[in-house]
Structure formats: structure tokens, C-alpha cells
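Take this structure, written in C-alpha cells, and hold onto it; I'll ask about it next.
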Amino acid sequence: MGEPSVDGIRILLFAGLREQAGWGDRHWPAPAATATTLTPRQLWQALELPGTMSSMRIAINQQFAEPDTPVHPGDELAFLPPTSGG
Amino acid sequence: MGEPSVDGIRILLFAGLREQAGWGDRHWPAPAATATTLTPRQLWQALELPGTMSSMRIAINQQFAEPDTPVHPGDELAFLPPTSGG
Amino acid sequence: MQLRIDLHATAFEPLACLEQWQRQLAVQGHNGSAAESLFIGRVRPAAADGALLVALELEHYPGMTERQLRQLATACCRRHGASSCLVQHRIGRVLPGEAIVLVAIGADRRGPAQRCCQELLEALKHEAPFWKREWRADGSSAWLTGNTPL
Amino acid sequence: MQLRIDLHATAFEPLACLEQWQRQLAVQGHNGSAAESLFIGRVRPAAADGALLVALELEHYPGMTERQLRQLATACCRRHGASSCLVQHRIGRVLPGEAIVLVAIGADRRGPAQRCCQELLEALKHEAPFWKREWRADGSSAWLTGNTPL
């Protein structure tokens, strides 16, 4: 029933958030068969991430998304602190 | 009483105006002793320049000036058609 | 539309990149645009709080950064009708004086070229997953949570 | 404020001029600005009426042009607090694809650099004594009485 890597959700943290959390890349087990729909908001709470999620931007599969956009098994979810490029 | 070149007014025309007038650089005799005050407007008429002066910009000694700014012996007066640089 | 985006892990020379870009465009039959608007950003010698800056560290989100830059550039150039777009951006540890970003937009008129260059610069400052950390002379460091004001 | 203005009677290469300018600034102890906004303008291959353009002739008012460019650049840079300004402008017969103008403004922030570069470009298009004549393929020519729209 699929590879474990496809079943899980990859979660990435960056910059200050990564350092505060103490990790930057984690696998969240979420079997494809599970009927439950997960959202970034739920995962933020479940992972007990530091600070408030409202100051973060969210990306699912490297595209900006909303806190309540569903995250599916096999997805890559990232929490992005305020960016500053250029 | 001074060199003729200092006494006169040098008049310059550019681009389309120069071609229409058939000349680009002329000396207008104006002895320094003369009490008469000349203006670009008067010289435009006296020289019978083509077209209307209102579409021209005027420079006296290489600085923009007005049609009624006095022109003195030794000055360089230029009539400038609409410019287009850059 | 000619588009090229590169992330550089080590110092890049903006003028050398522009020369290479010019050659690449020429090979593809794209002669010099009538209007080209360019921007080069370099690391300041001082941190946001005025302290001496030793280096600026640029973290990014590999994969998403490239994808996002491509989306931003494509949308911006389409909006302004630009015909060529080069974006070069540093990642990693950048020293004071070194270039962080180069944007070069070619278009048929100066207005669109200038507006596209400005908009794309703002977009990549605010909409691309880059993070800056300032390293100070005393060994301390801090993540920036925004950009310098426009 | 570092200022350099040159009129070129023959073709100039913008990137080579920029390299030379960069070296000149470095010699004078002026390291790369945090923000540099640049503009390069080139001759279009078509005349204003769409006809094939053979060449653009740029007449100027020797003496006044240099003086006026200097005044415009100095005032514009002062207004925006720019720290360096390079203006290179062609005169004479310019061929399609050749550069007519290069403006490079260095400042501490991107907003002033961009605004200064744009304003100076408009100023030298409208306030400097240059005149353009288009030479068409059929041997005819016409003086332009204005600039392309922004």
C-alpha cells in the first residue's frame, strides 16, 4: 500500500523557526489509507512549534498555502518565517 | 574699445531650425557702447528666422533663458528646437 | 520571453554575469533591447542596528526558491511586456560589498523596463523564500524579519 | 558625490564603461554601493513611423550639453542623496542596436537609487540639448520633435 515516504508528510522549518524548534526536517506519519484530513494549523499544534503560527507563511509542495489548506500524505509542508531576499 | 568678437552677439541654431534657416552660427554686430538692450525675441524677428519662436527654447551663454531676457554684447545666444536625448 | 535565474553559492560578479547574459541572448538571436533596466544590490558594511557587519548569511528553501523566482519573474515580465529577464541571487555567506542580487530587464520602452525591474525586485524581496542572518563582529548573529525600507 | 559624464562620438560598450567606472570608484576608496540602479538605452531598428531605420543621428550643443548634464545630474543626485552617478551618452551617427545612453546611480537604498536613475533619465531626455534625426533606408531623414512615450 505505497512506500512509507509517500505515506508520510515531510515538514520543513527555516531560519529562526528552525533554530527555535531545534529541527528543520521531520517526517510525520500519515498513512494514505487514513481518512482524516490534516491541516498546517493542526500540524503546527501537534508538533508543538514555538511562537505563533500567524506570523508564519505556509507552503505545501513548495507553493504558498493557507493554514487550513488540507495536507495529504506525500505532501511537503513548510513553515516559513518572514522572508527577506534581494 | 574691445574686440569685435566681444562686441558682437554669437547666435547659434540647431537641428531642424538650422537646416530651415540655412545657417547655424552667425555673428550679430552689437557694439558694447550701444545703449539699446536686445532680447532673443527681437533678434528672432530681426534675423527673420523660420517658424514660430514659441516652439523654441532659448539659451544665453549655454543656460536656458526667456524670450525677453536681455542679451548683451559678448553673449552667446542659441535657439533650440524641441530636444530629444537619451 | 528570455528568462534566466541562477542562485550562486559563492561570490558572483554582476558585470561578468551581464556579459554572459548578453552573449546568450545574442546567440539566441535576441539583439539588445531598446530599454534595459538593471539593479544590483550589495551587502552593507553595517548591521541593521549599526554594528559592524562581518557577513550576511542567506538561507533559502531549495527547490521552492527557484520555482518561486521563476513564477514571480514570468508573471512580472508578462504584466509589463518585458522581453528578457535575468535574475542572479546569492545564497550562503555573503561578505560586505559582495553582490546579493542582480536583476536585468529588457523591454521595448523605458517605462515598462523600469517598472518591471522595480516590481520584480520588490517581489523577490517579499515573496521568495530567502532569510537573512546578520553576523556581527562580536560573534553574535540575528535573523532579520524584514527588508530595509524602500 | 562621485560624478562622471562622457559624450561618445563613436560606439561605446555599456558594460565596459561600467567596469571602468567601478575601478575608478574603487581607486577613490568608494566601495560598491548597497543599491545601484542602471539604465541602458539602445537604438531601435525601426523609425517612429515604423520604417526600417538605418541610423539615428544625434546632434548636440557642444559645451552646453556637458554643462547641462552636469547640472541635471548634480541636482538629481543631491535630491535623492545618491552617492555616485555615471552618465554616458552617444553623439553623432548611432546604428540600430548600439547604446545611446547609460545611467548608473549608486545609493545606500534601492528606492533613492531607482528614483534618481529614472528622474535623471527623464531630465536628460527633456532638458539636455540633444536632437535626434532618423535616417531611413530610402535615404530620407526626419528630425524628431519629442521622445518615445515613457
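Labels for the chains are A, B, C and D, by order of writing; each one numbers its residues from 1.
In this section, contacts are C-beta pairs under 8 Å (C-beta built on N, C-alpha and C of every residue); 3 or more make two chains touch, one makes a residue touch a chain.
A quick note: this is a predicted structure, and the numbers were derived from the prediction, not measured.
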Stepping chain to touching chain, what's the minimum from chain A to chain C? 1
Which chain's C-alpha centroid is most distant from that of chain C? B
Chain B and chain D, separation of their C-alpha mean positions in angstrom: 28
For chain C and chain D, let me know how many angstrom lie between their CA-based centres, rounded off. 23
CA centroids of chain A and chain D: separation to the nearest Å works out as 50
Centroid of chain A to centroid of chain B, CA atoms only: how many Å? 75
Where in chain D do residues touch two or more of the other chains? 41, 121
Touching pairs of chains, which are they? A-C, B-D, C-D
Okay, in this complex, where on chain A does chain C touch? 12, 14-16, 19, 59, 62-63, 78, 80-86
Residue ranges of chain D touching chain B (in the complex, touch as defined): 41, 58-59, 61, 63-64, 67-68, 89, 100-101, 121, 124-133, 143-147
Touching chain C in the complex, chain D uses residues 15, 18-19, 22, 31-45, 97, 99, 108-111, 113-114, 117-118, 121, 148-150
